[in-house]
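Here it is, the structure, as C-alpha cells.
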Amino acid sequence: MATKPFAIIAGVGPGTGSSIARKFAQVYSVVLLARNPGNFTTVVDEINASGGQATGISTDLSDAQSVNSAFDKITQEYEGSALAAAVFNSGGGFVRKPFLELTGEEFSSGFESQAKGAFNFAQKTLPLLLTAKNTPSPPTLIFTGATASLKGSANFSSFASGKFALRALAQSLAREFGPKGVHVSHVIIDGVIDIPRTKAWTFEHEDAKLSPDAIADSYWHLHTQPRTTWGFEWDLRPYVEKW
Amino acid sequence: MATKPFAIIAGVGPGTGSSIARKFAQVYSVVLLARNPGNFTTVVDEINASGGQATGISTDLSDAQSVNSAFDKITQEYEGSALAAAVFNSGGGFVRKPFLELTGEEFSSGFESQAKGAFNFAQKTLPLLLTAKNTPSPPTLIFTGATASLKGSANFSSFASGKFALRALAQSLAREFGPKGVHVSHVIIDGVIDIPRTKAWTFEHEDAKLSPDAIADSYWHLHTQPRTTWGFEWDLRPYVEKW
Amino acid sequence: MATKPFAIIAGVGPGTGSSIARKFAQVYSVVLLARNPGNFTTVVDEINASGGQATGISTDLSDAQSVNSAFDKITQEYEGSALAAAVFNSGGGFVRKPFLELTGEEFSSGFESQAKGAFNFAQKTLPLLLTAKNTPSPPTLIFTGATASLKGSANFSSFASGKFALRALAQSLAREFGPKGVHVSHVIIDGVIDIPRTKAWTFEHEDAKLSPDAIADSYWHLHTQPRTTWGFEWDLRPYVEKW
Amino acid sequence: MATKPFAIIAGVGPGTGSSIARKFAQVYSVVLLARNPGNFTTVVDEINASGGQATGISTDLSDAQSVNSAFDKITQEYEGSALAAAVFNSGGGFVRKPFLELTGEEFSSGFESQAKGAFNFAQKTLPLLLTAKNTPSPPTLIFTGATASLKGSANFSSFASGKFALRALAQSLAREFGPKGVHVSHVIIDGVIDIPRTKAWTFEHEDAKLSPDAIADSYWHLHTQPRTTWGFEWDLRPYVEKW
C-alpha cells in the first residue's frame, strides 16, 4: 500500500524511457511499461538497487486489453497513491518504405503504435491524473513526438500519419483537460537520440545526437511548471541539426 | 472501351462530392464512389442525362477489399482510358465527444474513415495516375481536409487525429509523387458547407456557408495548374468565418 | 472618366507582375506601379496595343509620399470606376548575408520593402476596395509571399523578417476586412520563378521553375472565388521542388 | 574587473524582465537594460542588497546608437567576463487599432520595438556569446514572443508584424549560430502575465495569468540545456487559456 506519488512511463527502451524513469524515480515511485520486459528489467533493478521504487509491467500499448490488465495491477498496487505524471514515449510503428510497397497493415501500424497506443494510455491515466491530490507539481501527461509530427516526408506516410495523429490527440487533450488541472504537453524530438541502437551512427560532430538524460531533465522541468505557466509544445534538437 | 480520360470522386454525398463530380464531368468521364448508392444515383443520372458519362460504385473506402473490388470494375470498364484526376472527399469518422466517453472504436473511426480510406484510395489511384498519358492537365490527386486538419480541439480527438493523419499522408505523397508527375493537393475546408444536411443551420449572415460548387471550381483550378506551378495546400472559408 | 472596373498591380517587373497585369487586363483596366518605369513600359504598351487599357506610374512603394502621389493620379484618372483587385507583388528587400555583416539599414530593408510597402499600398487600396460597387467578383487584395514567409533560414534574417511581417499584415487584414467584403489572400511562391533574371539558372529538370503566367492564372482564380468560399493562403511550387 | 560570467536582460519592467534578472542573478552578474531607469532601479537595488551583482543601463533598444553606448559601458565593465546569457524581452510597439486609423509610424513601431530592437541587441550580444569561454551552460540568446507571433488578428497588424518579424529573426539566428555553439530560443508567451500593470484585470479563475517567476524558471531551464538537446520554440500559457 504505497502512499508516495507515482509516475508511469510507457514505452521504455534502453534510451529515453529509461532516462525519464530514472529522473522521475528521484521523487516518485515509477511504473515502467514496455512490451518486452528486457527493455525495462535493467533500469527497474537499477532504480530499486539505488533506493528508488520501480516496477515494470509487460504491456502492448496498442492493445486495449493488455493496457487494461496493466492498469488493473497498477491501481491495485498504487491504491491510495496519487498519479503525478504519465509519459507516453512509444517508438513503435516506424516504417520507411515507398508508398506503393506499403501494406495496409504497415500503413496502420504508425497510427496503432502512436495514436491508438496513446489513446489507450490516456484513457487509463487521465482519470487518475484528474483525481490526483497533493502532488508536488500539477498532474502531467507528456507525449513524445518526432520530426514526423510536423512534416510528412516521402516514404514516411505511415509513421508521419501516426505522429500527426498523436499530436492532434495531444492538442485535444490539452484543450479539454488543461482547464481541469492536468498539464498535457507534446515534445517534438527532432534528431537522432544517443541510445544503444544508434551508437554506430556517426556524424561529422561527435555530439550530434540528443542526450536521453537531457530529454528527461526537460520532461521533468515541464512537470514542475505551475499551472499558471504551462508549456504545451517544445522542439528539442542537437545544436548541429539541420531544420 | 472508353478512351476519354476519367476522374474518380470518392466520398460523394449530396454536397461537395456531387458538385465536384458535376464539374469534372464537363470534361471527363466520372466514377463516383460512396458506401450508400443513394448518395450518388441522383447525380449519376443527372450527369448521364445531360450528355456526360458517370458511373457510381458502392464502396466502403475504409475497407481494402471493397476498394479492390471497386477498382476491378473501374480498370475493366476504363481500360485504355487515362485517369486524369482522383479526389478523396470522405466526410466519415466524425465523432464529437468528451475524451473519456470515447470507445477505442470511436477513436479509431476518424483514422479509419479519413487516413485509412485515403490510403486505400491512393494505393489504387496512384498507379493509374503515374501511367496516365495525354491528359489535358497533369494527373491530380486531391484530398479534402477540414478545420480539424490543423487544430485538435476539445472533444474532437477522433476526427482531428484522422484529419491530421490524412494531412501527413497528403504531404508524404506530394513529396514522393510530385517529382514523378502527379499533382497531390490538400484543401482545408474551414467552415460549414451549404449542403442539404446543413440547410437548417442558420447564421447571422445568410451567405455564411461554403458553396459546394465554388469548392468544385477551386478543385478544378488546382487540377489545371501546370506542373511548374502546383498548389499544395489551400484553406477555403466563408468571408464571415472566424479563424 | 473611366467606368470599367480597374486593378492595380504593385511591384511590376518583367516577370510575375507583368503576367498578372496581362491576365487582369483581359477584363479590367490596369494600373502598374514600379519604381523603375523601365519595368512597366513594355507591358503597358503591349496591353494598350492589344486592345486593353494600362497605365504605369513610377512609385516607390516603401515611401508613403510616393504612394500618396501615385494614388492622387489614380483616383483622378479612375474617378467613377470601381477598384476590383489590388496585388502587392514587391520583390524588394532581398539581402543574403551572415548576420554579423548586416547593417541596421540592410536588416530593415526587408521590412521596408515588404511590410511597409504593403502597408502603404493597403492603406490606399482598402478604402477603394471597401466601396467598390458591382465588380464582377468580390474586391480582392492579394499579397505575394515566399519561402521566407514561413522559414527564417541562416543568412536570411532581413528578407525573412520582412516576409513574416507581410504575412502577419495579410492575416490581420483578412480577419478585419473579410467580413466587410474584401477578399484578402496571401500566396507563398516557393521556388525560383522563370523570369529573365533567372534564365541562366539551370536545374536538373528543365521545367523546374514556376511559370509567371501560371501564377497569374491562380491569382485570377483567387479573385473570382465567391465570398462564401475564399482561399486565404496557398503555396505554389514546381513539381520537383524540395520542401 | 569582473570575472564571474554575466547575463544581459533587455526590456526590463516590473514584471517578467525583473523576474528573469532575479533568477539569472542567482548565478551570474546581471546587466539590465530599459529605456526608463525607473523600470530597473528597484530590482537592481534588490539584487545588490541580497548579495548579487546587478547594473542597470538606460537604453533605447530600437536606437542603434543608444545600444552601442550601452555596450561600450558593458564591455568596459565586464572585460574578462564571459557573457553566458542574453534575453530580449521588449514589450514595446503594442498598438491596437483598426487598420485604416494606423499611421505609418504606428505600423512601423511594432517592427522597430520588436525586430529592430532585437537586431540591435543580437548584433552586440552574439559576438560576446560566440567567444564566451567556460560558461556553466552553453551561451544562450532568448527572445520573448507572444500570441501575435503566430497569429495576425484584426486590429493587430502593427504588433503582429513586429512579433512575426522577431520570430523570423530568431529562426535565422538559431540556424546560423546554433552550429557555432550559441543556443538561440524563442518563447511564445500566450496569455496575460501577472504584473503590476495587469493586477486589475480579473478573470473567472483567479490564477488565470502567467507567473513572471515561472517564466523566469523556464528561461533558466532553457539556458541550462546541453547543446545536444536544445529547445528552440516553446509556448507557455495559463491552464485556463483558450487557444
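The first chain written gets the first letter, and so on, giving A, B, C and D; residue counts start at 1 in each chain.
The definition used in the following text is that contacts are C-beta pairs under 8 Å (C-beta built on N, C-alpha and C of every residue); 3 or more make two chains touch, one makes a residue touch a chain.
Which protein is which chain? UniProt says A, B, C, D = NAD(P)-binding protein.
Note that the coordinates shown come from a computational prediction; the quantities given were computed from them, not determined experimentally.
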**Prompt:** What is the distance in Å between the mean C-alpha positions of subunit A (NAD(P)-binding protein) and subunit B (NAD(P)-binding protein)?
**Reply:** 34
**Prompt:** Roughly how many whole angstrom separate the Cα centroids of subunit B (NAD(P)-binding protein) and subunit C (NAD(P)-binding protein)?
**Reply:** 32
**Message:** Need the CA-centroid distance for the pair subunit A (NAD(P)-binding protein) / subunit C (NAD(P)-binding protein), whole Å please.
**Reply:** 46
**Message:** Touching at least two other chains at once: which residues of subunit B (NAD(P)-binding protein) meet that condition?
**Reply:** 175
**Request:** Examine which chains touch each other and state the graph shape they make (line, ring, star, complete, other).
**Result:** ring
**Asked** Pairwise, which chains touch?
**Response** A-B, A-D, B-C, C-D
**Message:** Considering only the defined contacts, which subunit C (NAD(P)-binding protein) positions touch subunit D (NAD(P)-binding protein) in the complex?
**Reply:** 64, 98-100, 102, 104, 107-108, 111, 115-116, 119-120, 122-123, 126-127, 148, 151-157, 160-173, 175-177
**Item:** Interface residues, subunit A (NAD(P)-binding protein) side, partner subunit D (NAD(P)-binding protein) - complex
**Value:** 138, 175, 178-179, 181, 183, 194, 207-211, 214-215, 217-218, 221, 224-241, 243
